[in-house]
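Once you scroll down, you'll see the structures, which are given as structure tokens.
Each of the next two complexes has subunit A plus one other chain: subunit B in the first, subunit C in the second.
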Partner chain A sequence: MLLFQGLVGLTEAMYLWLVAAGLSLIFGVMRVLNFAHGSLYMLGAYFSYAVLRAAGGNFWIALLVGPLLVAAVGWLLEFGFLRRVYRIDEAFQLLLTFSFVLIFDDLVKLVFGPVYQSPPTPKELSGAVFVAGSILPAYHLFILGVGAAVGVGLWLLLERTRFGLIVRATAADREMARALGVRSSRLFTWVFIFGAWLAGLGGALSIPVRAISPGMGELIIIEAFVVVVLGGLGSLRGAFLGAVVIGLLHAYGLLYLPVFELALAYVVMAAVLIVRPRGFFGVREA
Partner chain B sequence: MSTRSRTTRRGFLKASAFALAGLGIAPRALAAPKLNLKKPIKIGCQTILSGPLGGYGEFMRKGALLAMEEINAQGGIGGSPIEVNFRDEELKVDVGVKNARYFVDDWGADFLIGIDSSAVALAVGEIMPSLNRILIVTHGATEKYNEDLVYKKKIRQCFRISVPVYQDGIASAMVAKDFPVKKWATISPDYEYGKTSWKMFRSTLKALKPDVEFVGESFAKFGTVDFSSHISKVMAAGPEAIFSTEWGGEAVTMIKQAKLFKVFDQTKAFMSPMGAAMDVLQGLGPDYPDGAWASGRYYFLYPESAENRRFVEAFRKKWNSYPSYVSETSYAALYAIKKAVEKAKTLDIDHVIEALEGLEVSRPAGPCVIRKEDHQAVYTVPWGRIRHDPKYPMPILGDLRVIPADQYYRKPPFPPVEA
Partner chain C sequence: MNRTALVLSLAGIAVLLVPALFGSFAQYLVLNILLLALFALSFNLLFGTTGLLSFGQAAFYAGGAYVAGLLLRARVPILPAVIIGALAAALMAAVVGAFCVRHTRVYFSMLTLAFGMFVYAIVWKWSDVTGGDDGLIGIPRGRLGLAGPLDPNLGPLSRYYVFAAVLVFASVAILYRLSTSPFGLTLRSIRENAERAEFSGIRVRRTIFIAFVVAGLFAGLAGALLAPLEQTVSPSAAHWTKSAEPVMATLIGGPFAFTGPIVGAVVYLGLKELIVRFTEYWLLVFGLVLLTTVLAFRGGLVGALETLARKAR
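Up next, the complex of A and B:
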């Protein structure tokens, strides 16, 4: 029972991880707090749903194409708008990205209507398995697998490729990277596109098990922020650990402290910030 | 034959007009008395119009607009056209109070309707005497609104046209008592509505069937996007049946995830007081488990009356969608205002309140009377079991259980609920 509850908490953590990973990556490299990141998660859900319907209900095509469409929106956002506000005050960046939250909410309402949508769970994954004597949906196992795969993939990408090297160099010292010939504007675009893709993937994975609705992005962005702050702004390892902590806190909080569960994540965040202001793996600002 | 030979053109037209009136095509237009009231009569409606529950407000808005169009086509209220304005309630108390003040002080509203959140209904209800307007709540279901605000505190400006939480917590238990199960658990919202319905359900069921046990409960915060850990927690207690007052998108998500966790294979009954709301029916679609018990504040196929059929058809014609229960309640609120004002023959608030008290309103949901003591509309909403019918684009209810409203409505002096 105990083990099982933790496992269930971990599956919830994986969605958070996908959203927080992109959020943290974008902040680490670009120093932009992208408030619209939750909206990209929402767009991932809506786009995948639209693709799924166009593809005659094939979830796998939707999972492949939906997040790519979100990546394209990410490109549009960075290239068309964010690029213009890098040099001005962060408050304007927040305002700009927040305005996109409202715009995207209204756009999906106009295009898809205000009603809840949710396609059936794909047949291959609608079964269940026994884990620790309890029933765990196959889809949850699948989510755990995807979350772990994205974690490993991101690690390989950042630690083992040239692109990763440039990303890390820029995150560590933007001026120095630029002096060494890194074209930071192009890098920013690619990082933002990649972050958007991750959020889109989270959204796409959510459609068979969570209701799709306008505003669903706002529900996840706050927790994603908590995760990122907990893990250390800009740290992917931190985002992963933060997501796992929040997922487990939620699952065990329901068991042991149900009255207090709502506040638990924030209390832990506050405690971590007091003891270790930069989060688990955050880099101290120079 | 002699009369026919004398038929003139004018006479023929006159006769046709009467014939049409007789067919019910224009009788109300002819009957609308001229009262020389202010023009237009303004009605402020606030509902949730943004965020994940924005779909609810859309349904309420559409019902109110349909009623406005119909009433104005019949000559308005006593000859004055009505105008309805909408504001986003955001389910926040401060926003709700601000909206009410804006409607009355700045926009010049004569009546207020709407409100989805129980907390907002209570807060706005408290200020109605100072605003000196009538509020007709069309969704928020807390029993504190009619029992405390109206009956105990005597705030006469407050009315409610939608069913209270009795539907969720008492009628449900009267249906559940016949199920072959003893162990119940709940996954419900972590606020007033979820807690009160569960308390009423337990108290009513325990009285009807003393050997029931309540083995588990998990309350989910507002805006929960994943119910997996709630489901695993509750299922670990080994319940035979689940009662859940989750609503809107959260009900859709919860039921989908419960299905993945095989909750419907491991338990014998599932009860969802808000599960027959149109948004849940549409949201779950083919995924809605057969046989789940559901209800709402109105169900579009009940009663099978001409009036209900006409409403559903008019709604579909105008909006290309089936009505949800908030569409019916906002629609009924406007007709109740019309009937009360035309009975009072004035907009004077004391006279309109008197007219509303005990008023019999005929509405799509069936005959309804506004109880004098607590200003609560009394009408029956059925419970039923989800079934899939190819005639409809969403699941519908079968096996309807109709418990007359006066059997499950709490009555003055409203003793405390023991749980």
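Up next, the complex of A and C:
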């Protein structure tokens, strides 16, 4: 039971990880806290759901197309709006992204209706495996695999490619990177698109197992904030570890402290802030 | 008396005339505007004045509302219940503030939101005390709580209206005095350049902490005044969407003028009252309003008017 619940928690953590990774990456490079990142996760779920129905229930097409549509929305957000406010106070940048939380929430209600929807698990993954005497849906294992793959993929992308080199250079010292010829405006657009795609992927993966509703974006963005506060904003390692901690806390909290389960994550956040204000892997704030 | 104080005083007199001229719907609407104005002013002490964007002010608003509501249900008279409610909110702000003021602006916004939702989670789950999902219901609105035989009964809305309005006016006066005081200037210097402020001998964290507690106190007062008005307090008072209300009101009215949040509260609630008659998607409309404001009118309505007036001269 202990092991089983741990696996369930890790699965939960993977959704959080996908959202927090994009959030942290975008902040690390662009210094913009994207409040609408949870909304992109929500759009990932709704878009994939729409594609799923249009494609006659083919989950794989939905998983491919849905997140790409979210990436397109990300492009629109960065290129159409965020780009205009890079030079002004960061509080207004935050407010700009916040305005999209309100807009996306209501647009989704308007287009898809406020009903909770949940399509069936894809056939290929509808089985179950026995883990430590309990039945674990195969889909959970699939999510764990995707989460791990994204982690490895991100590491390879950032540490082993030229794009990653530019991203790391810009995150470390934007002025210097610019002086060395990095076209930061184009980089910002691509980083934002990529971050949006990650959130969209998380949303797309959630549709067979988690209820789709207009409020799902807000729930996950608040948790993602807790995750990046734990891990250190801008650090991907931190985002991963933070997501795992929060996922496990939820899973074991439900088991042992059901009444306080909701508050547990915040208590841990407060505790970490006292001991280590910048989070696990955060750099000291300027 | 300068122009802002004069305008505020005239507006105050107009507000006090409402019960004599209009019915209970107008009184209810104006009271709601007054409470939001106070809530937004307290928020703007952090945002416009200090440059810190809080997304968790509803925690203190709800703190004031729940504490006042519980006391009223325990037959405590209105005045002490409201004051203790506000003080409880200030105490909460001191605890939350101890965490939040140590961090830079982006972290500050995230942390206030997280702690705000922490309070929401508590309100939602601790149903023995807070009523959970249902909230506090059946809050009485009775005696004011003065000693002696002349203790007025605030049961009728028009009487409670005067009481709440007077408390809001006093708070606005204090906040105005604060914003023009050396303390207010210190906060502005932190907004402009925290590092330079530190070097010129200002204890930045302590100053921000005090502002945070004061903001929590007045947010709590606004919430505490809501409890006897609505006679119920629901968990939505602690939700982040409640925290977004002063944000939107302040942005619409303008964060850089003292009167901005007040003007914004009038426009926000007036507009909302209008929009909900046509569509349930009023948040979409406010999202678009907020977007336009951030892109083009960061000074809000008051800022735009000031620019117009300057051009006309």
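We adopt the following convention: the second predicted complex is superposed on the first by the 284 of 286 C-alpha atoms of A that agree within 3 Å, B and C clash if a C-alpha of one lies under 4 Å from a C-alpha of the other, contacts with A are read in each partner's own complex, and residues count from 1 in each chain.
Following the convention adopted for this analysis, contacts are C-beta pairs under 8 Å (C-beta built on N, C-alpha and C of every residue); 3 or more make two chains touch, one makes a residue touch a chain.
This structure is a prediction, so every number in the text was calculated from the model and none was measured.
With subunit A as the common reference, the superposed partners subunit B and subunit C clash. By the touch criterion defined above, A:L262 lies against subunit B and subunit C together after alignment on the C-alpha atoms of chain A. Of the two partner chains placed by superposition, A:N34 touches none, neither subunit B nor subunit C.
After overlaying the two complexes on the shared chain, residue contacts for A:S24 are found with neither subunit B nor subunit C.
Residue contacts after overlaying the shared chain place A:T121 against subunit B, while subunit C stays out of touching range. Once chain A of one complex is fitted onto chain A of the other, the partner contacts of A:D105 extend to both subunit B and subunit C.
In the superposed model, A:L233 lies in contact with subunit C only, and not with subunit B. When the two structures are aligned on the shared chain, A:T170 is found in touch with neither subunit B nor subunit C. Touch criterion met: A:E218 reaches subunit B and subunit C at once.
The single stretch of subunit C with clashing C-alpha atoms against subunit B, selected from 19-27, 145-153 or 181-189, is 19-27. In the superposition on the C-alpha atoms of chain A, the part of subunit A touched by subunit B in one complex and by subunit C in the other spans residues 105, 109, 218, 262. Against subunit A, the residues of subunit B that register as touching in their complex are 50-55, 57-58, 190, 218-219, 221, 223, 225-226, 228-233, 235-236, 248-250, 252-253, 256-257, 259-262, 266, 279-280, 282-287. On subunit C, the positions that touch subunit A within their shared complex are 47, 51-53, 55, 99, 102-107, 109-111, 113-115, 117-118, 121-122, 124-125, 240, 244, 247, 251, 281, 283-284, 286-288, 290-291, 294-295, 298.
Considering their complex, residues 27, 31, 33, 81, 84-85, 88-92, 94-96, 98-103, 105-107, 109-110, 218, 222, 225-226, 228-229, 233, 259-260, 262-263, 266-267, 269-270, 273-274, 277, 285-286 of subunit A touch subunit C.
Note for the complex: subunit A touches subunit B at residues 1, 4-5, 8-9, 11-12, 15, 105, 109, 113-118, 120-121, 126, 128, 134-137, 139-140, 206, 208-211, 213-216, 218-220, 250-251, 254-255, 258, 261-262.
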